[in-house]
Amino acid sequence: MELILVNVIDGLVTGLLLFMLSAGLTLIFSMMGVLNFAHASFYMLGAYFAYQISLALGFWVGLLIAPLIVGVMGAGVERYGLRRVHQYGHVPELIFTFGLALLIEELVQFVWGKNQMAYDIPDILNFTAFSIAGNSIPAYKIFMIFISVGIFMGLLYVLTKTRVGMIIQAALSYPRTVEALGHNVPLIFMGVFGVGTALAGVAGVIAGPVLGTFPGMAFVLGSIVFVTIVIGGLGSLWGALVASLLIGWITTFAKSYNIAMSDILNGIGIATPENLSDNMFRDLWTVTSPQIADILPYILMVLILIFRPAGLFGKRES
Amino acid sequence: MKNITKLGAVSALSLIVGATAAFADNIKIAFIDPLSGPFASTGTNGLHQYQFAADHMVNEKGGVLDGQNFEIVPFDNKISPKESLIQLQVAIDQGIRYIAQGNSSGVANALTEAIAKHNKRNPDSRVLFLNYAAVDPALTNDKCNFWHFRFDANADIKMDALTDVMAADDSMKKVYIIGQDYSFGKAVAAAAVANLSSKRPDVEIVGNELHPIGKVKDFTPYARKIVASGADAIITGNWGADMLGLGKSVIENGYEGPIFTYYAAGSGMTAAFGESAKDRIRLISQGGINPIATEEARATYDAFEAKYPEGNIDQSRIFNVIGMLAQAIEGAGTADDVVAVAKQLEGMEYDSMWGGKIFMRPQDHQAIQDMHVGVHTNENIDFDYDNSGYGVFTESTVTMASMDSPTTCKMKRP
Amino acid sequence: MSTAALELTGLKKSFGKAEIIRGIDLSIGKAERHAIIGPNGAGKSTLFNLITARFPPSAGTVKLHGEDLAGLEPYQINRKGLSRSFQITNIFPKMTVFENVRCALLWSQGYKYSFWNLVNRSRALTEGAEAILEQINLLERRDLPAGTLSYAEQRALEIGITIAGGADVIMLDEPTAGMSHSETDYITDLIMKVTEGKTLIMVEHDMGVVFGLADRISVLVYGEIIATGKPEDVRADPKVQEAYLGAALEAEH
Amino acid sequence: MNDQLKTDPSKPAQRMRAGSMTLTLGPWIVAAIALLVMPYIFTSNSALTIMNQMWITVVFALAYNMLLGQGGMLSFGHAVYMGLGGFFCMHLMNYIEDFGLAFPLPLLPLFGGLFGMGFAMIIGSFSTSGAGTRFAMISLGVGELIAACSVIIVAFFGGEEGISGDRTYGLPFFGVEFLKQIEVYYLISFWLMLSAVLMYLFSRTPVGRMANAVRDNPERAQFLGYSARWVRFYSFCASGFFCGIAGGLFAISYEILTEENLNATSSGVILLVTFLGGVGFFFGPIIGAIAFTLLQTVLSLQTELWAIYVGGLFLATVMFFPGGLAGLMMMHVPALRLGKAGGLVMPYIKTLIPGAIGVLGVCALIEMTFHFRHAAKGDHEMTLFWTTFDSHTVMPWLIAGIVAAVGLGVARATAPAMKEAWDEANTAGGAS
């Protein structure tokens, strides 16, 4: 029972972290129609910048400045790269971000080398907040929860209560009309792209110390972010939140409990074949839930796309 | 203007041909390992150790035979079996007869088979495979061949030695085994179960599981399970980011016992573990460097550090590879006839500067050597890793580990 | 008495709460040229889309030659001999003019999804496509990408694509929208020429075109047909007068 | 509607794209002769191996472009179809060996193709109902699933070390045992020619033509009597078939298949290859495959930083030449037709050569920075462009910097003249 509570907290942390990435991505997608493959690369840049800054000025300065730098870089990418490619259509745009992701990974290796960086949790947060049945919950995780919830609230406030938010929401659905009303839509696009990548940067800054800061960190996260926003429904902030938490919990629980395929199959009345080691499907019988935990989101996505193409909360078909 | 065009044409051509231009007198060793991509740090560090070892142990001492130098030719295989096979072909075409590779047993499997086929089909350009790090036991058992030599201990030997040390600790009651879901992870788990149940039948294995390799972002759920199981020891074969992620996560989430593992040092990992993992991680390896075994080794390490301040000698067996190859070539009197060289290597006994003897077992081409279990600490460390102040200090040693272990290898000799 | 080419019975369509088409009964005979007119927002295009199964109707039936079209996909309806054009030009912009027309011929010439025939080996296809290009006067534009044609030419091409498959019921959605007078005359003549002997149903704003082409006219206002009949009868109908005048007055406010 | 077509369409290059290519034998004969002659020019085994790799990639890229270029479907998991075809062939090869069946090796790729097509039929049955994001994300999901299965289902995929076999155990085929690389080369070349011709012919069939129509305007295609879904499905299956053939050729060439044949990286690479070559032209992927294989194998022998250059080249291509290398070449067709291409030669030399030298200068700076940062201490010597120098002195930096600046500067200064010459060369008649 206690373990369930611990898993709920762990899943929440994972989910909220995913949300910080997917929130920016879903905004960018719904506004510009671009599936930004380089989104996780900005997350990586956030971690590396924060590491570099933390060496000189400490963790907190890094938390403030690194996302800003990442956001400015993101805006620059939109202004000087994407906007140019935009005229050729969506596929070249997507491929542009794909190439960008490769290039960023190479550049990070060029600058920082290929090793894992010793980017650590700040001492002030390096203690155990509380324990549940011997499982310690580090204070840093509580801190991560607060940061991400804060960002979600802020985002929700800006989007629903401020004038800028209204314009963005309108531009999401009717870019031409908004432009006709005298708003600078390219500027809005650039701003949204910048903010979206900055959010990814924040995620990188706070995830770097726990999940590791290394050149492969973007690749590890890469496609799962897309999966999240597709499951949630493209363009839906709430969808992104729900899908992130869903994925966080599904993967956490799947890893925490060793459910074997043979148990399930036996449970529904199929007996284990006698000579399992000679059986063609022997590997399927021995599959356990932790083995497939990280591909469950993909299965979920394919199923959702087949049966509900708009995603959980999406209004339009992708 | 014309000159520029000409220059351009010439340079374009030589770009392609350049790779094949050879220095006739050198004995070339192709180093086929990842130099770009996610595993590049290990590969690059290995390359530096090879280059340093060749210069330091052979070239600066006048070379082998009548003054021939060793030359390490790097090939980037991007840790892909396909690329490795292409690079192997390129290397063979450049007249290279010695292939060194170590990262990834998958690549090693592909290479050893390709080399066996190549040597059978092209007797004029046979090559030897110097495997310095791929530890899949199959390579010296079912899949063994005459051309393959393994200088590292295989996963079974390492586990045998590791469990010898573990078994001596009476307080250990519950063990958790976790690893990456692929051949090596499974081999480690199987060996751990077999060894523990014979050496310490009283010890309970409270968990034995596999996780996807290179895909786990957050190890917290695994850490929870391990803590909840009440394990007082963890055995894992994880490496790279999976090792770091697992190690940090279990320590952070309240696990108190030791982690017994294979690859948790160097390549940035020692620095990243730092204080948090002090006295918690125990590594099995050959050739311990703290305390250093010989003065020669100390001088070598000092020279290496002077040349590569950011590098580590974390695979000291590379020096054994170079030393043993040089000795074999001297013994055979030729570097071109790889069969003669291979026959010299078979059964060779070599005194390593890192301490102890190395015996290349002729029946399966598996090097038998001393195995050390070391602890991750910052005390008594002469040679740290990653300039972090932390390193691995040898706590116990198993001499000539698994000398008489059985092998299923049926070596076919030419 | 022969069955009508197209027969609508009690056709309704709602989007959410808004009822756009409120029960339409209409029968169009074979080889009749029928125009649907009405003020903006009356639901003319929606009606077209209902007939061609772009949207499913909320209620009612559509019968083509007496056969119920319920549940059929657009491509299945097309195979039954109903072809349409679109209000917004809808061609294959990256393919040549010739290929646009040839693609439209493929199904009717029985090629289906075959991958064992080569299209440029078929003389019937080439000649058929060229005959249509000749009809729509685009023969010399044959090898240009369709996207590069002028607007009127693109509209002509679209009509060509629409008739190419040999459908006997042709539906044109505002074929002359946005055209100059001379272009309009040109397209009107073209429609006259290519729909000879076929059933034509068109939505049109230009009353000149409508009265020049149509055998019968239906007036659609707020999702209902308020009048159907010969052009002169419809023109005289007081309800029509009122609807158009009312709409005009409303527009002034 | 016109926003997909921003490039000037009055150019005949665009006309070519529009697909009125007639079946001319010329290029095919040239290609066949080139395939036959290549081994006499590049005789070494490694050259043969690299060429084998190239031709396999060509088949794969052409098959991929059946979807991306011809059908407008973007797949993120296409390595799966090639990989599965290859795995199947490998099992077949081992089966033949174990049971001593009389089965000629050259037919093997056909079975890979059938298996690839079979799998494509299963996936295509639900993924092809839409193009766009939905198709792309399903392909991504399926790709990840199969890649994950490859380490879980060891019985079929052999885990991390994959499965391997020996091509020489089958019955000799008219006395050829496929011991030598050259024999394998001709086997692969034969299948390359056959597949390329078949794929080209496929694009000329009714369903191939309709694939283009569905790509441009799925709704209109529906009103021509064709179900967009079925047209996509057929393209998808055909693509799966040729991917499977590529997989079979891979199995023969390397005699091993591993997880890397299925993973996301391979799927991503084929997207890069195809786009680099140009999706708008049938021969685009061929150029892309050749260029990429050379970059990957030859450039990576020269520098560790090859991936940076490839990434940069790729981004530049997407940004400035969305038609890819093939598009770049076909841009010159109008000038050639007008007989004015000669007028372009001098302006090109004046701009592009300094530009290239400038770019090389920049590369030199990158290499030197890398060496400065990451080389061993005391190892100041580096060799670049056949000159050995000390990277810790000012001089080389100065030289490289000046070369880069002057080269790019000259290119920039002469660019307007080149543009002018370009416009002039593409104007019919003209005031020359």
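Letters A, B, C and D mark the chains as written, and numbering starts fresh at 1 in each.
Quick note on the criterion: a contact is a pair of C-beta atoms (placed from the backbone, for glycine too) under 8 Å apart; a residue touches a chain by one contact, two chains touch by 3 or more.
Treat the numbers as computed from the prediction; the structure is a model and nothing was measured.
Looking at chain B and chain C, the chains in contact with each of them are D.
Chain centres here are Cα means. That of chain A falls 35 Å from that of chain B. In this assembly, the C-alpha centroid of chain A lies 31 Å from the C-alpha centroid of chain D.
With centres taken as mean Cα positions, chain C sits 48 Å from chain A. For chain B, the set of residues that touch two or more other chains comprises 36, 40, 44, 181, 212, 215.
Among all residues of chain A, those that touch two or more other chains are 113, 291-292, 294-295. Contact with two or more other chains is made by residues 4, 148, 152, 307 of chain D. Touching chain pairs in this entry, ordered by label, are A-B, A-D, B-D, C-D.
Contacts from chain B toward chain A in the complex involve residues 36, 38, 40-41, 44, 181, 209-212, 214-218, 220-222, 224-225, 227-228, 241, 244-245, 248, 252-254, 267-269, 271-272, 274, 310, 386, 388. Of all the residues in chain B, the ones that touch chain D in their complex are 1, 4-5, 8, 11, 14-16, 18-20, 35-37, 40, 44, 48, 75-76, 78, 80-83, 85-87, 89-90, 92-94, 104-106, 109-110, 113-114, 117, 121, 136, 181-184, 186, 212-213, 215, 306-309, 311.
The touching residues of chain A, counted against chain B in their complex, run 3, 6-7, 10, 13-14, 109, 113-118, 120, 128, 131, 133-136, 138, 210-212, 214-216, 219-221, 224, 251-253, 255-256, 258, 288, 290-295. Against chain D, the residues of chain C that register as touching in their complex are 52, 54, 73-75, 78-79, 83-84, 86, 88-96, 98-99, 102-104, 106-108, 111-120, 143-148, 161-162, 165. The part of chain D that touches chain B in the complex is made up of residues 44-47, 49-50, 53, 148, 151-152, 159-162, 164, 166, 168, 179-181, 250, 254-256, 258-261, 296-298, 300-302, 304, 306-307, 349, 353, 356-357, 376-379, 385-386.
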